[in-house]
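Labels run A, B and C following the written order; every chain starts at residue 1.
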Amino acid sequence: MLTVLFDGIAYGMLLFVLSAGLAVTLGVMNFVNLAHGAFAMAGGYVAVLLINRLGVPFFAALPLVFVATAAIGGVLERTLYVRVYAKSHLEQVLFTIGLVFMAVAAVDYTVGSGQVFLELPEMLKGQFHVLGAGIGKYRLAIIVLCGLITVALQYALARTRFGSRLRAAVDNPTVARGLGINVGRVFAVTFAVGSGLAGLGGALGAEIVGLDPVFPLKYMIYFLIVVTVGGTSSMTAPFAAAILLGLGDVAGKYYVPQLGAFVIYTMMIAVLIWRPQGLFARGATR
Amino acid sequence: MSTPLTAEIAHHLAARARWRPAEIAFWLIALASVIALPGWHLLLTQVAILGLFALSLDLILGFAGIISLGHAAFFGFGAYVAGILAARGLVAEPMLALVISGVAAALLGWATSFLVLRGSDLTRLMVTLGLALVLYEIANRLVWLTGGADGLSGFAMAPVLGWFDFDIAGHVGYAYSLAVTFVLFLLARRLIFSPFGLSLRSLKENALRAAAIGIPPRRRLVAIYAVAAGYAGVAGALLAQTTQFASLATLDFERSADVLLALIIGGAGYLYGGLIGAVAFKLMQEWISGVTPQYWGFWLGLVLVLIVLVGRAPLQYVRAFLPRSHLASAALRSGRG
Amino acid sequence: MRSRAFAIGLAGLALSAAAMSTVRAEEVVKIGLILPMTGQQATTGKQIAAAARLYMQLNGAVVAGKRIELIIKDDATVPDTTRRLAQELIVNDKVSFLAGFGITPSALAVAPLATQAKVPEIVMAAGTSIITEKSPFVVRTSFTLAQSSVIMADWAAKTGLKKAVTIVSDYGPGYDAEAAFKERFVRAGGQVVASLRVPLQAPDFAPFLQRAHDAAPDTIFVFVPSGQGAALIRQFVERGLDKAGIRLVSTGDVMDDDQLNGMGDAILGSISAHMYSAAHPSAVNKAFVAAFEQANHFRPNFMAVGGYDGMHLIYEALKKTKGSTDGAALIAAMKGMTWESPRGPISIDPDTRDIVQNIYVRKVERVNGELYNIEFETFPAVKDPVKAARM
């Protein structure tokens, strides 16, 4: 029971880190970025390159993965995405799905179609045994790391100047510009950070959910579920939603395995019927 | 009661509903393909089916503003109903089975319409997606009914109207699909240019105002959603009948995503977008995957990206299909939204 | 005088033209190879396409006076696309063989076409037992899930394992594997305490492995499609299930040669039962693996060998019919054919048109710095048990 709880929380936190960037781009920039999963995949493959091929130690590689994916995100944002901001949501969907197709095929061409795995450091392999339950070391590390990231995100949003500029730009971009805030730059940095987070999530998640070229297509649904159920008006809402979904999914599969896949979908439908704006949304979202 | 006002409105609507030369040309070319391009009929059948499916999505997306990522639920439902009717020998005549599948899908649409009435775009997106995923899992489980992951196969179709047997070269299949698509298109066209269609348009522009002048938003949305579901079900049934096969792939996320892509490429909101988009998307995909069977996704993705970056403004073809008037520019704006 | 010479010259010209045209009209036999080159099963398509091309490269493109043309199409793992491509290949390209078929519904969708057009359908990948029954023109060169599953059950029972939990993917082939293993294991005196089914899309094995662990078995039998096995094994080890004394046995799909090296040392010692290992110690296989790796830079797996043997079957059938492309004659030629494949000796069962082959029980070991499935026990000439039980 404890193990199931633990596994669920680990899975939920991983989902959160993966989806945080999407919540940000959707909520903050009102941009439907269905290529979000591609950034996660990119992060995963960068991690494989660094850890497996170049022998960089696991914990040292993680910040590098973040920086690399953030850089890719930043470059793409300034060159491609910025041209699509003004277009309709549908065209954004078309554009980002096009990007996903390109990313999937490009990875297939360069790395091959099979699943790849990270070589974990010895200290993260195996389990502890606490109170009769097995606590996976890797999953524990994920909980710790993702927890730190969440705290850092919340701090950045609430306490730093950048955070207040971001919140201003979200509330009213025109007035924010009038106050001298470079809204374009704020959005660019936010997008880059969101992509970097996705990349980090992809690297951390490679062990749990697997990493292959079709990853963006497979997991896009889960990111969208987290963002929709949580609502896009804050950072805590998607976090709570992710934990809830992670727990629900794992517990559902454990206790009622015949219904395995249904649980997460029906949970989502039920929540959305009851609270169409998301679980914790304050008012109407865009 | 025919007052001068209603007469004027009727005249105005009739004027808008006149057939444009571009429309006539489109359907003449389609008809010609039945005779002139026999080697292409198998591919063109898939184009017609995707076109009808995209048309059904246009009804809710372009005209009612409901974004759906799970429209394949109705497509697959129609496919399975038609497949089961044929496999179990319940209804032999394909046209009758087609109608039954369409009605069944429409009923499913009506029953699930409450899911899309509330919430933002994103909510609707996810709820419709969730419904399709749940239906997929159900179909996967009910092996005794749907064949599960193996699918329904090996059933034979009776000749259409008792006369035209489905041949291996796909000629009858194509003529059948094209005829069904055309008839349903005519019905949709009639619907859109009627007062009902006008009320939908006003609902999409501003639901609050429309409700204030007496148009019931819920009833209209439920109605169009059910009709669209029925159309999608007919498209799915066509697929099952022309290929004598129904599989879980008719319900999955890729199917919903493909039809959405096809509609966006063609442009939503003017009825021809789904058809044109289906032609463009399918033919492009076929051509590119013939050149590079493994990496066609890259080139197709590139085309999609370029379409958005370059924009459709250079391609004025959309105007050719629209009623001449200030409504044309309004429709163009709504078509891109 | 001149007109006669002229007439003779003209006749001679006509005759030589006719002779030249009969010489140049070398007939072409086309093979339609429909594979999942993109999508979830892309590795299957890649392996089979590479193997088919290798076979043609090593054996030439001319058989019984006919030139062989291979047409490769991608069905993106969507069965109705497979069906349309097969139809187009038959009607437009006039192929004499349809081959490939990465998943069961694709093979099933095309079976009625094979019957109608009298074109042999060579199944090189799909593994559900019923496929060969759907048309008298279907021949299989891959394997059936049941073959590997019953042998795994036999071996497990023989080794003294008594309590089993089965974990399979929640779809057709998974049910086949589960049923086959259960039936054989129970018959041998064992007990299956739980049968768990994992969702096919985006599976997370953690809760299922946890549940399996809680049932306290001495062995867990696993089947998931090739591509998902690695994640499952890694989680198995991560949760310490191997240290809890639970033996993991699986069908060979899980221990895919293509993926072994990427799975890490966690899988050392894992037992599986399957019909092909890249480490099979025969001269034929060593040559095959060497040629394959040189051409493609990745290792051949059981899918590749299915494709390779499928091409061999086509070539030999054509030789037997002396180049005739009559479907019924080709099928008759294929029935009962036996040969030495890179996997070992195989034959096509004349009653069922399914493959009869050795099933090996293997263990993962490190050889020359790479991970391989090392065969240590052979069960010879295994027929598909599902059909055999009915006969």
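Just so it is clear, contacts are C-beta pairs under 8 Å (C-beta built on N, C-alpha and C of every residue); 3 or more make two chains touch, one makes a residue touch a chain.
Keep in mind that what you see is a predicted model, and the values were worked out from it rather than measured.
S.K.: Quick check: more C-beta contact pairs in A-B or B-C?
M.R.: Result: the pair with more contacts is A-B.
S.K.: Quick one: which chain's Cα centre is the longest way from subunit A's?
M.R.: Ranked by distance of C-alpha centres from subunit A, the top chain is C.
S.K.: Please work out the Cα centroid separation of subunit B and subunit C, and write it as a whole number of Å.
M.R.: Distance between chain centres: 38 Å.
S.K.: In angstrom, rounded to a whole number, how far apart do the mean CA points of subunit A and subunit B lie?
M.R.: Each chain's C-alpha centroid was found; their separation is 33 Å.
S.K.: When you check subunit C against every other chain, which residues touch at least two of them?
M.R.: In subunit C, 38, 42, 46, 170, 199 touch at least two other chains.
S.K.: Touching two or more other chains, which residues of subunit B qualify?
M.R.: Residues 137, 254, 294, 296-297.
S.K.: At least two other chains touched by the same residue of subunit A: list those residues.
M.R.: 105, 108, 261
S.K.: Applying the document's contact rule, which stretches of subunit A touch subunit C when the two form their complex?
M.R.: 3-4, 7, 11, 105, 108, 112-117, 119, 125-127, 134, 136, 138, 207-210, 212-214, 218-219, 222, 249-251, 253-254, 257-258, 260-261
S.K.: For subunit C, which residues count as touching subunit A in their complex?
M.R.: 38-40, 42-43, 46, 170, 196-199, 201-202, 204, 206-208, 210-211, 227-228, 230-231, 234, 237-240, 258-259, 262-264, 298
S.K.: Where on subunit B is subunit A touching in the complex?
M.R.: Subunit B reaches subunit A through residues 61, 67, 114-115, 118-123, 125-127, 129-131, 133-134, 137, 253-254, 257, 260-261, 264-265, 268, 294-298, 300-305, 307-309, 336-337.
S.K.: Which part of subunit C faces subunit B closely enough to touch in the complex?
M.R.: 35, 37-38, 42, 45-46, 72-74, 76-80, 83-84, 87-88, 90-92, 104-105, 108-109, 111-113, 116-117, 128, 130, 134, 170-173, 175, 199-200
S.K.: Could you list, by residue number, the parts of subunit A that touch subunit B in their complex?
M.R.: So the residues of subunit A touching subunit B come out as 26, 80, 83-84, 87-95, 97-106, 108-109, 217, 221, 224-225, 227-229, 232, 261-262, 265-266, 268-269, 272-273, 276-278, 284-286.
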